[in-house]
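Note sheet for the following structure.
Labels run A, B, C, D and E following the written order; every chain starts at residue 1.
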Amino acid sequence: MSLRFSLKKSFPGFDSNVELSAENEMTVLFGPSGAGKSLILKMISGIVRPDSGVICVDGQTVFDSSGGVDIPMRNRKIGFLFQDYALFPHMTVRENIAYGVTSNHKGEKNGRVKELMEIMRLSGLEGSYPHEISGGQKQRTALARTLASEPRLLLLDEPFSALDFQVREKLRADLANIHELFPVTAILVTHDLEEAFMLGQRIAVINGGRFEQVGSREDVFYRPATRNVARFAGTRNIFDGRVAGIRGEEVEIDCPELGVIKTHVPERLGLAGGRPVTFCIRPEEILVIRPDKGLGRVSDNIVEGDILSTTGRGSTHVLHLRAGQAGALLRIELPNFVMRKLGLEAGKRIKVSLKKENIWVIP
Amino acid sequence: MDLFPLYLTIKVSFTAAAFTIAAGLVLARLMAKRDFFAKNIIDTLIMQPLVIPPTVLGYYLLTALGASSPLGRFLERLGIRIVFTWKGAVVASIVSSFPLFAKPALAAFEGVSADLENAARLLGKTEFEVFRTVTLPLAWRGLAAGAVMAFARATGEFGATLMVAGNIPGLTQTMPLAIYDAVQTGNAFAANVMVGVITVFSFAVLYAAGRFSRVRF
Amino acid sequence: APKARAGEKLTVAAAANLSVALKELGAAFEKASHVTPVLSFGDTVGLTRQIEEGAPYDVFLSADTVHVKDLDSGGFIFPDTATVYARGQIVVVWNKRYLSGPVGIDGLSGPGVKRIAIANPAHAPYGIAAMEALKSVGIWDKIKDKLVYGENIRQTLQFVQSGDAQAGIVALSIADVPEVGYTNIDQALYRPINQAACVIKTAKDEKAAREFIGFIKGPVGRKILVKYGFGVD
Amino acid sequence: MDLFPLYLTIKVSFTAAAFTIAAGLVLARLMAKRDFFAKNIIDTLIMQPLVIPPTVLGYYLLTALGASSPLGRFLERLGIRIVFTWKGAVVASIVSSFPLFAKPALAAFEGVSADLENAARLLGKTEFEVFRTVTLPLAWRGLAAGAVMAFARATGEFGATLMVAGNIPGLTQTMPLAIYDAVQTGNAFAANVMVGVITVFSFAVLYAAGRFSRVRF
Amino acid sequence: MSLRFSLKKSFPGFDSNVELSAENEMTVLFGPSGAGKSLILKMISGIVRPDSGVICVDGQTVFDSSGGVDIPMRNRKIGFLFQDYALFPHMTVRENIAYGVTSNHKGEKNGRVKELMEIMRLSGLEGSYPHEISGGQKQRTALARTLASEPRLLLLDEPFSALDFQVREKLRADLANIHELFPVTAILVTHDLEEAFMLGQRIAVINGGRFEQVGSREDVFYRPATRNVARFAGTRNIFDGRVAGIRGEEVEIDCPELGVIKTHVPERLGLAGGRPVTFCIRPEEILVIRPDKGLGRVSDNIVEGDILSTTGRGSTHVLHLRAGQAGALLRIELPNFVMRKLGLEAGKRIKVSLKKENIWVIP
C-alpha cells in the first residue's frame, strides 16, 4: 500500500503547497499549530477540495485536478480520526464504533466491536452517549470507530492528545506495531516531540503550509535541514557564525556569542571561508564537565557560564546557562542523577563542552 | 354524532402529512447542502401557500386540477380523479401544509454539521445512508417540529379543501367542514363537541409525536 | 341639505350573494343622498354573530329572514325597520362544455350529469330552496348521491364553471357567466327565498340607515335588484 | 386599485409578526431549558390554532373578545376596542401564526448547546445577555424559519380576521378579505391582480428576510 | 485568594467523592482518562450540580448543599477553559475574546483584546470564525477568552493539549509566572506527566473519582502514596515482596522477582518482619554499571539482566531489561550519551544497581 500526493490550496492569509510519497509505513506530520497539518489530511480524505493537485492511494488516483478525477469520499477507503473526534452525538459509544464496521454479519460485527472496545479500554461505556463521556474516552471511541472500518490508508489527527500517559503509551505501542495489527499506510499528525520521535519512522516537518524537511527521524532530530526544523525538533541551542577556517572536514566557526567553535562538516557542503553559517546542538548533548575531574580527555569547545535556572521536568532537569563572551543563552538537559551528583543549582558557575560530533551545521 | 368526518379527517391528515413530509424531505435535502442562485427564490416561493387565503388557493387548485384544466383531463384519462374526492382533500392539505414542513426542514438540514456527515462518508456510507443515519437524526428536532405543524395544519385544513374536494357528506366532508356547517346551522353545541373531538384527536397524535420524537442526546 | 352630508358614511353589512347588485345600488344611493355606503360582505351567520357582538354596522342586508328575526328577538335592531327587500330566485346552471343545453330541473337526473352542485342545504337559503325544488319534482332521491355542496352560492357556481360539476342550482343573480347556461326554475317548486333588511340599534346615523332601506325598496332600488335577478314585490 | 387593503395588510402582518415573535420567544425560552411535567402538554396545546378551522377560531375569538364577554367589556372600559378594528385583525393573525413561530423556536432553543451557554454565564453574563448574545444567534436558523412562516401566515390570515375584525372596506379590509370580495363578486381578474400584489409583497419581504438572516458560521 | 471544596456526585457506573483546599497557587489535577478530572472543574464552576458538598472560593461559600447556597455561575467569577474549547461558533476570534473582557470602556477593551491576541500568537486571525482555524488556534482563543475575564479562580481543563511544543512551553512559562500575570488560584487538569511536574507546585492525583494523593510534586513523583499513584507518575518498576529483616531504618525485602533488596524506610512506617510490602524505583534512577569499571563504590542491590529492547524517546532512551531470578521486567531510562558510550543494545547482558536511596517503599 502506498500514498502519493502533491497538493495546493489557498485561503486568505494562508496557503499550502505540499508533496509527499509514503509506502507501507507510518509518516508523522510534525509542525506548529496552524502549519496546515489538519488541512493536508482533509485534502487527502476529500473533505476539503484542493485548488489543484493529485492524490494517489494504493496506485489508484483518487483526485486529479487536471484529469478531473475526484473519487467520492466513501470510495476512498480512508480512515480519518478527526482532531475534534466528530463522534455522532445521537449514537452511543457502542453504536458509534459499530457504525464503522463494514461487515454485515451480525456476530462478526459484534465481535469486532467488542474487541475494539476492549483494546481501547472502553468496556462499560457501551451505552453512554458522547456528551456523557470524558475527553479521553471520546478520543478512544473515535479511534476505535476509525479502525473499525479497516481502511487502506489511516489519517490520524493528533490521536493521543487527550489520552493519559498510560493509554497513550499502550496505543502508541499498538500503533507502532501497526503493520501487524492494521496493515495500512498511515499518516499521523502530532505536535508532540516525543511522540513524533517514537512513532515516525519518517517525519515530515511542516511550517506555514510547506514541508521544510521530510526524512528519517534521526535526520530530523539530529540533522535538521533548516533553522525552523531545528527549533521544532527541540534543538534549542542555535547560533550564527562565520566560517573562520577549514581543514578538510574540520571547520572552525567564529561565533560572536560563543567564541570559536570547532566542528566536523561533511565535505559536500562545500563551505568557504567567511561564509555565514548556522549551527546547533541539542540540549541533552551538551556535556557538563565535572569540576573535580578536570577536562580529562574532553577538550572540544569548552564554554564557561553561570547557571541561571534549573527546572525539573520529571526524569530530567533543564538548565539555562548564561555563557560565552556575549552572554549567549544555552539550554542544557541533564539526567536527575547528574544534577544531584554535581550539586548543580542556580548561581553556580560551570564549564560545558559542545562536543564536535554533537554539533550540526545547518546546510 | 356522525363519525365519518372524523374517520375521513384521520385518513386525510395522515396521508397528507406523509406526502408533505416525504416531498419536503426531498426538497429540503436537495436545497440544504448547495448554494445556488435560485435557492433563495425557491425558499421564498414555497412560503406562498401561507400567504394566499386558503379559499383562493382552493380556487386555483380547482382551476388547475379540475375538469377544465389540461392536467385534470390528463389525470382523468389515467383514471385518477382528484376533485370532489377525498384525494382532493389530501391535495388541498398537502399544498397548505407543505411550507410548514419544508421550511423548518431546510433550516434543520442546514444546521447539521458537515463534519459529521463527512465522517460518515469516510466510513464508506452512501449518500442515502449518510442521510438516513446521520443527517436525519441530527436534524430531528427541526424536522419533528415541522412534521407536527404540517400534520396539525392538514388536520385543520378547511378553505382549500372546501373548494377542491367539495363538501359531500359521507364522501369528502372532513371534520373542519362539518364544524363549519354546524356553526352555520347555528348549532353551536354540535360545533363545540366536534371542535372538542378534533382537539382531542390532534392532541393525542401530537402529544404522542412529541413524546416519541424526544431527543435524548 | 344633501350637500351637508357629503363624506358621511353608512356601513352596510350584506350577505355575499348581494355583492354585485349592491355595488350598483350603493353608487345610486350615494348619488341620491351624498352618503357613502361602505359595503361589508360576509356570510349571513357570521354577520349576525358580529352584530350581536356590537359590530359597527348601520344596516344589515341578510340573505334570509330567520337571522333578522333572531336579531330582533335579541333586541339588536329597530323592529320596525325589519323588512323583506328582495326575493331570491334559483336557476339550473350547466356547463356548456359538457352539456348541450338547455337543461331543465328534470334534466339534472340525466346521464351526462355526474355531479350536481348546490349550496349547502343545511344552512344556505339557496341550498334549501334547491333541495325543495328537487324534492318537488321528485328527483331528490335519485340525484342525492351526485350532490356536491358549495359553502355559498358563488362557490357553487364555481364548481359548475370549472366543469367538475356539470350542472347545479344557483341564484339567478350570479348565473350570467360565460361558461354556463341557465334555465329558470318554477318559483312554485320552492318556498320563497325572502331576504330581509334592518337597521341596527347602534347605527351612527339612524336616519340615513332608514333612508338606505327605503331607497332599496324604492323604484331605483327595485329596478336594480330586478336587473340582477332578484324578485321584488 | 384601492391601496388601503395593502397598507392595512402591511400594518397588520408586521404588527402581528412582531407580537408573535416576541411572545413566542418568551414562551419558547421559558420552556426550552426546563423539563417539567406540563411541558409536553403546553407544547401540544400551542399547536391547536392550526387544527381548528380559522373561521371557527374567529367565532371563538369574537365570543371571547366581543361586547358580550367579560374580557371584551373590561377592555372596553379601558378604552381598548379589539373587535371590528384593525387590532382585531392583528389578534386574529397572532393567534393563527403563533404556533408557526413558537414550535420551531422551541425546537431551535432546545438544540442550542448548554455548554456554550454555560461558557457565557461563566464569563459573567446575565441570563438575558446569554440569551441575546449566545442562545438567540445559535438558534437563528430555526427562529428565522419560524418568523418567516409566522409572517407569511399573518399576511394571508383570512378566516379568523373576517370574524374578529369584519370586512369593512377602508377600516378592517385586509388584502385577503379584499381578494375574497373580488372572488365573491365573480371578479376573477381583480382577485388575480390582488393575489399577484400580495404575492409580490410577501415575496419581497420573505426574500429580504431570507437574505438577511443567512447564517455565516 | 483560596479555594476549598468537598464534593460528591454519582452517575450510573461512576461516582466521585473529593475534597481539597488550595491557596494562592497552581494545583494540578492529574489522573487517567475518565478519572473525574473534568467533572470536578464542572462542579466547582457550577455547570454540574454536585449531589452534595460545599465549595468556598475566596472565603465566599458559592455552593453548600446543606445550607441551600448555590450562587449562579455568572457571579462565581471563575474562569473556565473547556476541554473542547466551547468557542462561540457565530463569533470571530476577536469577538470571542472580546466577549470575555469585563471592561466596558471601548479603548480599554480593544487594548486588552489586542494584548491577549498577541500573547496567544493569534494576530492575523481576528476575523476568522472558529471553524476556519486550526485545533491549536482554537485552544489559544479559548484560553485568551478565559483570561480576558480576569477571574479570581482559574480552572483549566487540559489547556495545552492541542498546542505545539513551542507555544506550550511559552504558555507554560507564562502560567508558571501566573501570580504576576494573573494573580489567581488555579486548578489545571492534565494527563501529561511532564506538564504536571513543571506546573504543579501541588499535585492532586485522582483515580476513579477519588484523590489518591495530594501533595508536592516531589512527594507524588518520588514518594507515591499508592501503587496507582506510582504507576501514573511514571514509576514503572513496582514490585511486591515481604520484609525479611529490619536493622533500624534499613530494611531487607525478599522479592520473588528480584531477589533480596535492601532499602531505607522511615521508622514511622513501623514495618514488621514478614509483612508484605510494595516498593518501586523510577526508570531514570536505575544505574547502569559500566562493564569496564567494575562495581566501584556501587554495591547496592545489583541486578543482572538481558536488554530486551531499546526505544529512542528524543533526548533519552528507554531500555527494557529482563532481570533477576524470576525474569522481572525492569524499565530503565538513560540519557542518549550513556547509551552511546556503553554501546547498549538489545541482546546485551548488563548489570544495574537499584540504589537504596532511590527505592521507595509504598506505605
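The rule is short, and it goes like this: a residue touches a chain if its C-beta (ideal position, glycine included) is under 8 Å from a C-beta of that chain, and two chains touch if they have at least 3 such contacts.
Here the structure is a predicted model, which is why all the values come from computation and not from measurement.
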| item | value |
| --- | --- |
| Other chains in touch with both chain A and chain E | none |
| If a chain touches chain C and chain E alike, it appears here | D |
| Rounded Å distance between chain C and chain D, as computed from the means of their C-alpha atoms | 35 |
| Rounded Å distance, chain A centre to chain C centre (Cα mean) | 90 |
| Inter-chain centre distance, chain A versus chain B - centres from mean C-alpha coordinates, in Å | 57 |
| Shared interface positions of chain A, touching two or more other chains | 84 |
| Shared-contact residues (touching 2 or more other chains) in chain C | none |
| Set of chain D residues in contact with two or more other chains | 55, 59, 183, 215 |
| Pairs of chains found to touch, sorted by chain label | A-B, A-E, B-C, B-D, C-D, D-E |
| Contact set on chain E toward chain A in their complex | 11, 13, 31-35, 37-38, 83-84, 124-125, 132-137, 140, 157-158, 161-168, 191-194, 197-198, 217, 221, 231-232, 234, 282-285, 287, 311-316, 333-338 |
| Residue ranges of chain B touching chain D (in the complex, touch as defined) | 40-41, 43-45, 47-48, 50-56, 59, 99-100, 103-104, 106-108, 110-111, 141-142, 144-146, 148-149, 152-153, 155-156, 158-159, 176, 179-180, 183, 191, 195, 198-199, 202-203, 206-207, 210-211, 215 |
| Chain C contact footprint on chain D (complex, rising order) | 55, 58-59, 62-63, 66-68, 72, 83-84, 162-163, 166-171, 173, 181, 183-186 |
| Residues of chain A defined as touching chain B within the complex | 45-47, 72-80, 82, 84, 86, 88-90, 99-100, 102, 129-131, 145, 149 |
| Contacting residues of chain D [partner chain E, same complex] | 113, 115-116, 118-127, 133-134, 137-138, 140, 215-217 |
